[in-house]
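Both complexes shown next keep subunit A, but they swap its partner, so subunit B is in the first and subunit C is in the second.
And now, the complex of A and B:
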C-alpha cells in the first residue's frame, strides 16, 4: 500500500471516525519497499492541495523519513525545487508498506497489512 | 438440453421476521436448470425459466426457531465467499467499463480524490489516471488484482464501515455493489456511508441491477421476486473435475433487483440530493450529492 493512500484512511470503527485521534493511522512494525514509478508532475501538483499535510508529516516522521516542509509547497515552489519534487514522489507514490499494521490512536485497534494489502474488515464486536 | 444440473438454492431473506415460509427461487441459466421441488418449473419461450415456489415441507419455520442467520452472515456466505472463490475467473470477464461510468470518471477535475466502493478487480481504476482513487472490496483476491492499477490504491474494507473520513472526497462510485446487500436498511446504509465521505461539492455514481430487464437472457421483469440467487458457472478444468466427473462448478450469488424509482427513493431517504438518474442496459444508475 502506497503512503499516499494512508492520507485518505482512518479507523473503520464508527465511533472513531468523528474523533481527531483516529487520523492518521499509525504504522507499526512496518516493512517498507520502494518501487520505481515514472513520475507524473501534473498528478502530483494536482493532488498536493488535497492532502492533509499535517497527517502526511506525522506519517513521514513515524516512518523515519526526513522532515517535510511545515506546510504544503505550492505548485510553483515544487516546480522550482527538483529535490523536493523527487522526495515527495518517492514518499507518496513509490514507497509502499508491504507488511505491518496500522493502529488507531483512539480505540487501539490494529489493521493488518499483508503482501501490500491493508485489511479494514472489523471483528464482529467492533462493527 | 444435453445436461441438467440440479441445484438447491438457499432462499434469500430468511431472517426477515415475517417470512416464515421457506422460499426458493429456481431458474435456468447458462444451460443450467435449478430444481428444488418435484414441481416442474415453467419454461418461458425464450428458454429462461424463473419461478418462485413456496416450500410445502415442514422446513417452514425451522430456521426461525434455531439460529436464523443474520444479514451479515447471509451475505458472507452468498456474496463474499462466492466472489473470493470466483475472483480470478470473474475478473477475466470484467474489463469493459459501462459508458455512463466511464463518462462520469472522465468528467472529473484532474487531482480529484475519490472512492470506488466495491471495486472488484478495479476495472474502473484504469479509466482516468489524472485522479486518485482508493478502491475497496470485501474480497482480498479481487483487491490483489485491483491494487495493480497505478496510480490508484485498493484496500479490503466493508461497504458499511468504510475507513475514510467524513467530507474528504470529491467523488465516489459504487458499481454493481449495493444490490448485494440483503435488507432495505443495509442498502440505504450503504448509500449513507458513501454520502458521508463526500465533500460539499462531491458527487457519487451508483449502479445497480434492474428488475426490469425482460430482454436480457435472465428475463426478469416487473412483478418478479426482487430477491434472487444468480448462478456463476465456472469451469473446474480437467485437472480438478467434480466427484461425478463433470467439469463445471456453480456458485450462487444473492442479488436484490431494483425496481424503477427504488434507487432514487433510497438516496432521498438518507438525505442525498439527486442530480441525474437513468437506465443503462439492465441497470439503474443515479448520480447524487450531499
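And now, the complex of A and C:
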C-alpha cells in the first residue's frame, strides 16, 4: 500500500466517523518496500492540494523518514525545488507498506496489512 | 444465464478456481476492457488522477487505468476495493500497479472527504442488492456505500458504475439510493434491448460551472455521438390556478380530483355549477 493511500484512509468503524482522531491511521510494525515508478509532475500537482500535510508529517515521522517541511509546499515551490519534488514522489508513490498493521487512534482497531493488501473487513456490529 | 448473486455471497463465490476462471477467460476480459474504456470516456479525465476502483477484482479494469496514454490524460493511479481475497490474490500474481484493499463496499468507503477525482466500478454494485445475513439489508448496504462514495469524491468529481440489475426494481433501487446520497444521477444504456445491453450509472458530485448547464447530469454525455437523452423527470408545473375559483370549470376539476381519490361524486349535468335562482 502506497503512503499516498494511507494519507486518505480513515477508520471504517461507525463510531469513529465523527471524531478527528480516526485520521490518520497509525502504522505499526510495518515492513516497507520501495518500488520505482516514473515520476509524473502533473499527477503530483493534481494531488498536492488534497494532501493532508500534517497527517503526512505524522506518518513520515512514525515510519522514521527524515523531517518534511513544516507546511505544504505550493506548486511553484515544488517546480523550483527538484530535490523536494523527487523526495515527495519517493515518499508518496514509491514507498509501499508490505506487512504490518494500521491502528486507529480513537477505537484502537487494528487493520492488518498482508502482502500490501490492507484488510478493512469489519464484523457487523462495528459497521 | 444464471446469476451468481443469487447463489452465493461474493467472497465465497469468487474462490480460487472461480477467480482464476474469471481472469483468464478471454471473453470476460474483452467485455471488461470495452466497459472500462466506455467508463473512462464518461469520466472524461483531463489530468492524471486518483481513481477509486470499486470491486476491482483481479485488476482487469485497473490495468487499463494505469495504461492510459499521457496524451489522453493518463496514466492514472488507483486504489481498488474488493471483498474476494482470491480475486485480490490473482491481482497480486498479475502484479497490478494500484493499491489493493480487502473491504466490503456495503460497509462503507473508508476514505476521508474529497480523496478521489473519480470512481469506477465494473460489474460490482448489483452484489449490494443481496443481503447475506439477517443483520444487514440491501437498502442499508446500498445507502452506506453511496454515502461513503459521495463523501470520498471531490466536488466536481464523477463516478461511473457499470452494473447488471436483475430487474427494473433493482435498477430503480440502485439509482434511487445514489440520488438519496446526493449524487446527480443518470443511467446510460448501451445496446438497449439486446443481449449485450450494458447499463452504466453515471454519478456526479456537485455541478461544475464549466459545463455551463448548471451541472445537469445530461451534460456528461454532451458531445458524445449516438447518445439519445430521455429525460423522464417531471417538469416543474406552473404554480397558480388554471380556473377562477367558483367557476364551472373549477367545480368540474375539483370533482375530478375527488373522483381520482375514490370519493363518491355526483354526475356532471347541465345544471352543474349553476346558481340556484329564486323561483318566485
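What we mean here is this: the second predicted complex is superposed on the first by the 125 of 127 C-alpha atoms of A that agree within 3 Å, B and C clash if a C-alpha of one lies under 4 Å from a C-alpha of the other, contacts with A are read in each partner's own complex, and residues count from 1 in each chain.
The rule is short, and it goes like this: contacts are C-beta pairs under 8 Å (C-beta built on N, C-alpha and C of every residue); 3 or more make two chains touch, one makes a residue touch a chain.
Only a predicted model underlies this, so the values are computations on that prediction, with no experimental measurement involved.
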Let's test your reading of the overlay: on subunit A, do subunit B and subunit C clash or fit side by side? clash
Tell me which partner A:33 touches in the superposition: subunit B (first), subunit C (second), both or neither. neither
A:50 contacts which: subunit B (first), subunit C (second), both, neither? both
So in the superposed three-chain picture, is A:18 touching just subunit B, just subunit C, both, or none of them (first/second/both/neither)? first
Of the partners subunit B and subunit C, which touch A:2 in the superposed model: first, second, both, neither? both
Which superposed partner A:122 touches (first subunit B, second subunit C, both, neither): both
Look at A:80 in the shared chain and tell me whether it touches subunit B only, subunit C only, both, or neither; answer first, second, both or neither. neither
If you lay the two complexes on top of each other, which residues of subunit A touch subunit B in one and subunit C in the other? 1-2, 4-5, 8-12, 14, 23, 37, 40, 42-43, 46-47, 50, 93, 115-122, 124, 127
Residues on subunit A engaged by subunit C in the complex (per definition of touch): 1-2, 4-5, 8-12, 14, 23, 37, 40, 42-43, 46-47, 50, 52, 93, 115-122, 124, 127
Touching residues on subunit C, where the partner in the complex is subunit A: 47-50, 75, 77, 79, 81, 83, 88, 92, 97, 99-104, 107-108, 110-112, 114-117, 133, 135-136, 144, 152, 154
Residues of subunit A touching subunit B in their complex? 1-2, 4-5, 8-14, 17-18, 23, 37, 40, 42-43, 45-50, 93, 111, 115-122, 124, 127
Inside the complex, what are the residues of subunit B that reach subunit A? 72, 109-113, 129-130, 132, 134, 136, 138, 140, 143-144, 147, 150-151, 153-158, 161-166, 168-170
